[in-house]
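Note that subunit A is present in both complexes that follow, paired respectively with subunit B and with subunit C.
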Partner chain A sequence: MELWFTERHTPNVKFSIKVDHQLYSGNSEFQRIDVFDSKEFGRFLTLDGYMMLTEKDEFIYHEMITHVPMSVHPAPKNILVIGAGDGGVVRELTRYPSVESIDLVEIDELVVEVCKKYLPTTACRFDDPRVNVFYEDGVKFIRRCNDQYDVIIVDSTDPFGPGEGLFTKEFYGSCFKALRDDGIMVNQHESPFYDEDAAAMQRSHKRIVESFPISKVYQAHIPTYPSGHWLFGFASKKYHPTNDYNGTKWSMLGIKTRYYNPRLHTGAFALPCYVEELLRDVE
Partner chain B sequence: MAELSQTNAPIYEALRKFRRMRVVPFDVPGHKRGRGNMELTEFLGEDCMNVDVNSMKPLDNLCHPVSVIKDAEELAAEAFGAANAFFMVGGTTSAVQSMIMYACKEGDKIIMPRNVHRSAINALIITGAVPVYVNPDVNKKLGIALGMSVAQVEQAILDNPDAKAIMVNNPTYYGICSDLRKITELAHAHGMLVLVDEAHGTHFYFGENFPVTAMAAGADCASVSMHKSGGSLTQSSFLLLGKNINADYMRQVINLTQTTSASYLLLSSLDISRKRLALSGREIFAQTVEMAEYARSEINEIGGYYAYSRELINGDSIYDFDVSKLSIYTLPIGLAGIEVYDLLRDEYDIQIEFGDIGNVLAYISVGDRKRDIERLISALAEIKRRFGKDGADMLTQEYISPVIAETPRKAFYADKLSLPLEETAGEVCSEFVMCYPPGIPILAPGELITEEIIEYIKYAKEKGCQMTGTEDINIERLNILDF
Partner chain C sequence: MELWFTERHTPNVKFSIKVDHQLYSGNSEFQRIDVFDSKEFGRFLTLDGYMMLTEKDEFIYHEMITHVPMSVHPAPKNILVIGAGDGGVVRELTRYPSVESIDLVEIDELVVEVCKKYLPTTACRFDDPRVNVFYEDGVKFIRRCNDQYDVIIVDSTDPFGPGEGLFTKEFYGSCFKALRDDGIMVNQHESPFYDEDAAAMQRSHKRIVESFPISKVYQAHIPTYPSGHWLFGFASKKYHPTNDYNGTKWSMLGIKTRYYNPRLHTGAFALPCYVEELLRDVE
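And then the complex of A and B:
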C-alpha cells in the first residue's frame, strides 16, 4: 500500500510526500486541518490541503522569520505575532531573554490545540509566562493597537482563505500604526517563482512599500514550499536590515541556530536579478 | 399537475428537464447552446450557455404565461404575500415604469417624493403624467433626504384631490422608511393608488423585525429588486400587485415595453432565489443584520465616522430604519463620502455601493464574509488615520427643493438650447443631472436651474462624483428649454 499527500503547486506541477499514517483530520470554523506522519519529513501540518510545516524543514522558516527582525532591532521588548498557531515563531522568540511580552493572535483555536497535541516540536513554548494568546482575526486585533510593539511578525498562510486579510494594505497600515517609532514588521512574503505566487508577492510588496519608509525583501530555501524559493518582507520605520545590523551583538546572545547566522543575514537580502526586477516593477 | 409549494422552482425545474432532453435547436439564440461562440462559452461556462434558450412550449412565454412561468409567478406572489407577481427582466426600472404607466395616463397627476429614482421620472416622460412633488424631510446634519411625512402627504392629497396615485420610496437607498401604513390608508381614503418603489426592500418580506412591506401595508403595487438583497442576477426583479389591481391589464402594460425574448438566465435566477428566500430567508437575513450591526458598532468605535441606525427614528419622516443597511456619515473626518468611496477602491481594493457628498453606503448581504467586513472596517480606520483632516469646512449636502416649470414630458421633447453650465441660472432644464449611484436627480427635465444648483453640481464634480444624465458627457454644458 502506498499513501501519498499531494499538493498542487501550480495547475501543472504537483509535490508529493509519501505518508506513513495520518494522525489527525478535522474541520474548524475556518478550515480543514490535517496532520500526517512521514518517513522523509516527519510529522507535517496542512491547512485546507496546503503544506504549512514539516518537522524536517520548519526550522528554516521559523528561524528566518524571527531572528532577522529580532537581530536588527536593538532592544525588542514587546512582540506581536499574527498567525503562527503552530508555535514555531513563539518558540524562537522565547529564546530572547530581553523580550517582555509576546502577543500571539491566531484566528483558529483548533490549529493551536492540534499542534499542541501532535506537533510538540513547534508548539512547545505556549506555556512561557510572557506569551499571551488571542483567538481573533488579526485584522481586527491590530485595529485597536497603537504605538505599542517593537516587532510584529506576520506568519500568515496564503493570500486566499482565512489569511487573506493579512496581505492587505489596511492590515499593513494598521501594523504601521501598532508599531513604535522604531518598529519592524516582518511578513511571510510568498514565492517569486511560479507566476501566480509571484503576482501575489508583488501585490503584497507594493502594499508594504506604500505603508513603510523602509521595505526590503529577503529569501530562504524551504524545500516543502512551492519551488522551494521563499521570500520574507522586512518593513521598518527606522532601522535598515543590513546597514543597522550588528551581527556580533547578536552572536553574543548565544542563541543556537541551525539555519540563521550573521553572514547569512546579510546574504539573504541579496536577491536574484529576476526577483529584484519583480520588486522594482511595483516600487 | 402536482400541487406546488415553495420548495419548487418551476422554471428552474423545467430548464433542467429541458437540458436532459437534448433537443436539437433550429431556433434562436443562434449561438446554439454555446457551440457557435466558443470564446463566450469558455468565459461564461457551458452550463450557462445551455440554458440560454428561447421561449417554447415546455418553457412557457413571459409575455403570455400559461404553464411554468405562470406557476413560478404564483409561487412568487404567495412568497411575497401579494395577489399577483410578475417576473421582470428589465430591471426594477421596468417594474417602476409599469406601475406608473398602469396608474396614470397623459395629464394625470401623481404625488411622489422628489428624491425618486430616475426610472420614475422617466415614466412621467413616457406617460405624460404630471408630478406633484412632496419635498422629503431632510436630516440637516447628515444631509440626506428622508421619507415623506404623513402631514405633507395629506396636504398634497388635499391640494390635489384629482391625483391618481401616490408613489412612495420605501426604504430609501440609505435605509429610511416612511409610515407606509398611514400613507396607504390616507391615499385609499381619497381613491388614490399606492405605488411603492421597494427596490431596496426585498429582504423585508423574508427576514424578521424589518420594517413593514408594501404588500403587508396594503399598497397596490410594489417594485422589488430581487437582484439587490434577494440574490438573483442583475436586471431581474419582481412587480407585486395588491388585490385591487387588474393583473391582466397590468400584463398588457408591461408588454408595451418588455422584451419578447426574456432571458431564461434571469427568469430562473428569480425562481431559484424566491425559493431560497422562502425556505431560508429568515436565517439569511438574520446573518446579514448581524454583520451589519457588528460593522456599525466597530465603525462607530473608530471615531469620526457615524454609522447610523434606528436611533434616527422620529415617528414620521424616519418612521423606521432598515438595519441591514450600512450607511456611514463621513464629513467629521474631513472627507466627502465620495472621497472615502474612491479611497476604498483605489487604495484598498474595496468597492462599496456609493458615496455622495456626506455619506457612503456599503451593501451588506449574506454573500459577505466576516473577514471581508473586518477589512472594510480596518480600511475605514486607515483612511481616517492617513487622509483624515479637520472636517470644519466641508459643504454639507443640502437637499435642494426643485422649482417645477414644465412637466417632464414637455421639457424632454421641447426645443432645446445648449449653454455652458455657468450661464444656465434662471433657465429651465430639459435633461437630468444626477450622481450615479444613487441615481436620484439633482435636476430633472422641466425644473428651474438656480445658482445654488449650479454650485452643487460643480462641487459634486470637483469631489469626483460620477455625474450622469446630460447630453454633454462632461457636464460642462446643460440643455435648456428654448422658448
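And then the complex of A and C:
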C-alpha cells in the first residue's frame, strides 16, 4: 500500500509526500484540519488541504518570521501574534528574555488543541506565563488595540478562506494603529514565482506600502511551500530592517537557530530582479 | 486526458508537472533525452528522467552559475564550460564583450542538437564566433589543459551517471591546473535539504576544499529542482567572491538580468546555519 498527500501548487503543478499514516482528521467551524506522519518530513499539518508546516522544515518559516523583526527592534516587550495556532512563532518568541507579553490571536481553537496533541515540537510554549491566547478573529481583535505593541507577527494562511481578512487595507491600518511609534509588523507574504501567487503577493504588498512608511520584503527557502521561494513583508514605522540592524547585539542573546543568522538577515533582503520588479510595479 | 511528468525528489517526495505534449524522446549513447511542452513552465528538458531546465526558471540557474564568477574575475577572457549542452551558460557568457573564447565540452552531441531544435531560447548563441564546441568527456579534455583559463564553469548533471566524473578529486585537481593563477571555478553543487542530496553535496565540497585555497558556497531559489534550494560552489585561486567583488563595475557592463544583481550576489553567499554546519563538517 502507498498513501500519498498531494497539494496542487497551481492547477498544473503537484507536490506529493509519501504518508506513513494519518494521525488526525477533523472539521472545525472554520476549516478542515489534518495531521499526517511521513518518513521524509516527519509529522505535518494541513488546513483545507494546504500545507501549513512539517516537522522537517518548519524551523525555517518560524525563525524567519520571528527573528527578523525581533532583532531589528531594539527592545521588543509586547508582542502580538495573529494566527500561528501551531505554536511555532510563540516558541521562537519565548526565547527572548526581554519579552514581557505575547498575545496570540487564533480564530480556530481546534487548531491549537490538535497541534498541542500531535505537534508537540512546535506547540510547546503555550504554558509560558507571558503567553495569552485569544480565540477570536484577528481582524476584530486588532480594531480595539491602540499604541500598545512593539512587534506584530501576522502568521496567516493564504489570502482566501479564514485568512482573507488578514490581507486587507483595513487590517494593515489597524496593525499600524496597534503598534507603538517605533513598531514593526511582519507578515507571511506569499511567493513570487507562480503567476497567481505573485498577483496575490502584489495586491497585499500594495496595501502594506500604503499603510506604513517603511515597507520591505525578504525571502527564505521553504521547500514544502509552493515553489520553495517564500517571501515575508517587513513593515515599520521607524526602523529600517538592514540599516538599523545590529547583528552583533542579536548574537549576544545566544539564541540557537538552525536557519537564521545575522549575515543571512541582511542577505534575505537582497531580492532577485524579477521580484524587485513585481514589487516596484505596485509601490 | 491528463499527461503528467513526475520526478521523485526522494523516494518519498514527488514533483509533477502537467504536460501539454511531448516534443522529443530519444536515447543517445549516454542517456535518455526528453523534451516536453507545458502550460506552467513552457518547454522543459529532462535527462534520464531528471529535470534539467524549464523555459520558465532556467534564467535563475544560468544567471547564477555564470554571472557570479564572471563578475568577481576582473578580466575574464578565456572561459571553459563543461556540460551545459543546453546552451544557457554560453548565452550568458556571450554577453561579456571582454570574453575572447568560450570552450564548451559536452559529452553528448545529441543534447546540443535536441536543444538547438527544441529549446531555441537557451541554445541560441552557439554560432557566436568565440564559441568552440568539443564533443568529448570533460574529465579527459581537462587533463591536457594547463594554465589557460580564467573561469571554468562546471554545469554538470547529478553526481551519478554521465556526470559522476565531474565530482571527483581528480577532476577538481585538473580544473585547478587548467586555470591561470587568478582563475575561478564554479560548479553546480546540489541541494542541502534532503539527506541524500546533502551527503553528495558534502562529498563534493570536501574534494573542492582540498583542491582550492578559497572555496565558498552560494545559493539560489530554483523552483523546479529538488527542494528549490540549490547551491553552487565557488572555488578560486586568488579572488574572494564577496571581498574582491565590485558590483558597480559589473553594473556598468549593462548586462540585463532577471535574477542576478550586485546586492543579491553578496546575499547569495549568506547561508542558513544548517547549511553552514553541513559545509563545516567537511572543511
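One rule holds for everything that comes next: the second predicted complex is superposed on the first by the 283 of 283 C-alpha atoms of A that agree within 3 Å, B and C clash if a C-alpha of one lies under 4 Å from a C-alpha of the other, contacts with A are read in each partner's own complex, and residues count from 1 in each chain.
The criterion applied here is as follows: a contact is a pair of C-beta atoms (placed from the backbone, for glycine too) under 8 Å apart; a residue touches a chain by one contact, two chains touch by 3 or more.
For clarity, every value in this text was computed on a predicted model and none was experimentally measured.
In the superposition on chain A, contact of A:Arg143 is made with subunit B only, not with subunit C. By the touch criterion stated above, A:Glu164 is placed in contact with subunit B alone, subunit C being left untouched. Contacts of A:Thr122 after superposition: neither subunit B nor subunit C is touched.
By the touch criterion defined above, A:Ser156 lies against neither subunit B nor subunit C after alignment on the C-alpha atoms of chain A.
By the touch criterion defined above, A:Asn78 reaches neither subunit B nor subunit C. Touching more residues of subunit A than its counterpart among subunit B and subunit C is C. When the two structures are aligned on the shared chain, A:Thr54 is found in touch with neither subunit B nor subunit C. Applying the stated contact rule after C-alpha superposition, one finds that A:Ser174 touches subunit B and leaves subunit C untouched. Once both structures are placed on chain A, no subunit A residue is touched by subunit B and, in the other complex, by subunit C.
Subunit A contributes residues 137, 139-140, 142-143, 162, 164-165, 168-171, 173-174, 177 to its touches with subunit B in the complex. Within the complex formed with subunit A, the subunit B residues making contact are 298, 347-349, 370-371, 374-375, 377-379, 381-382, 385-386.
Considering their complex, residues 4, 10-18, 38-40, 57, 60, 193-194, 219, 221, 223, 227-229, 257-261, 263-264, 266-274, 276 of subunit C touch subunit A.
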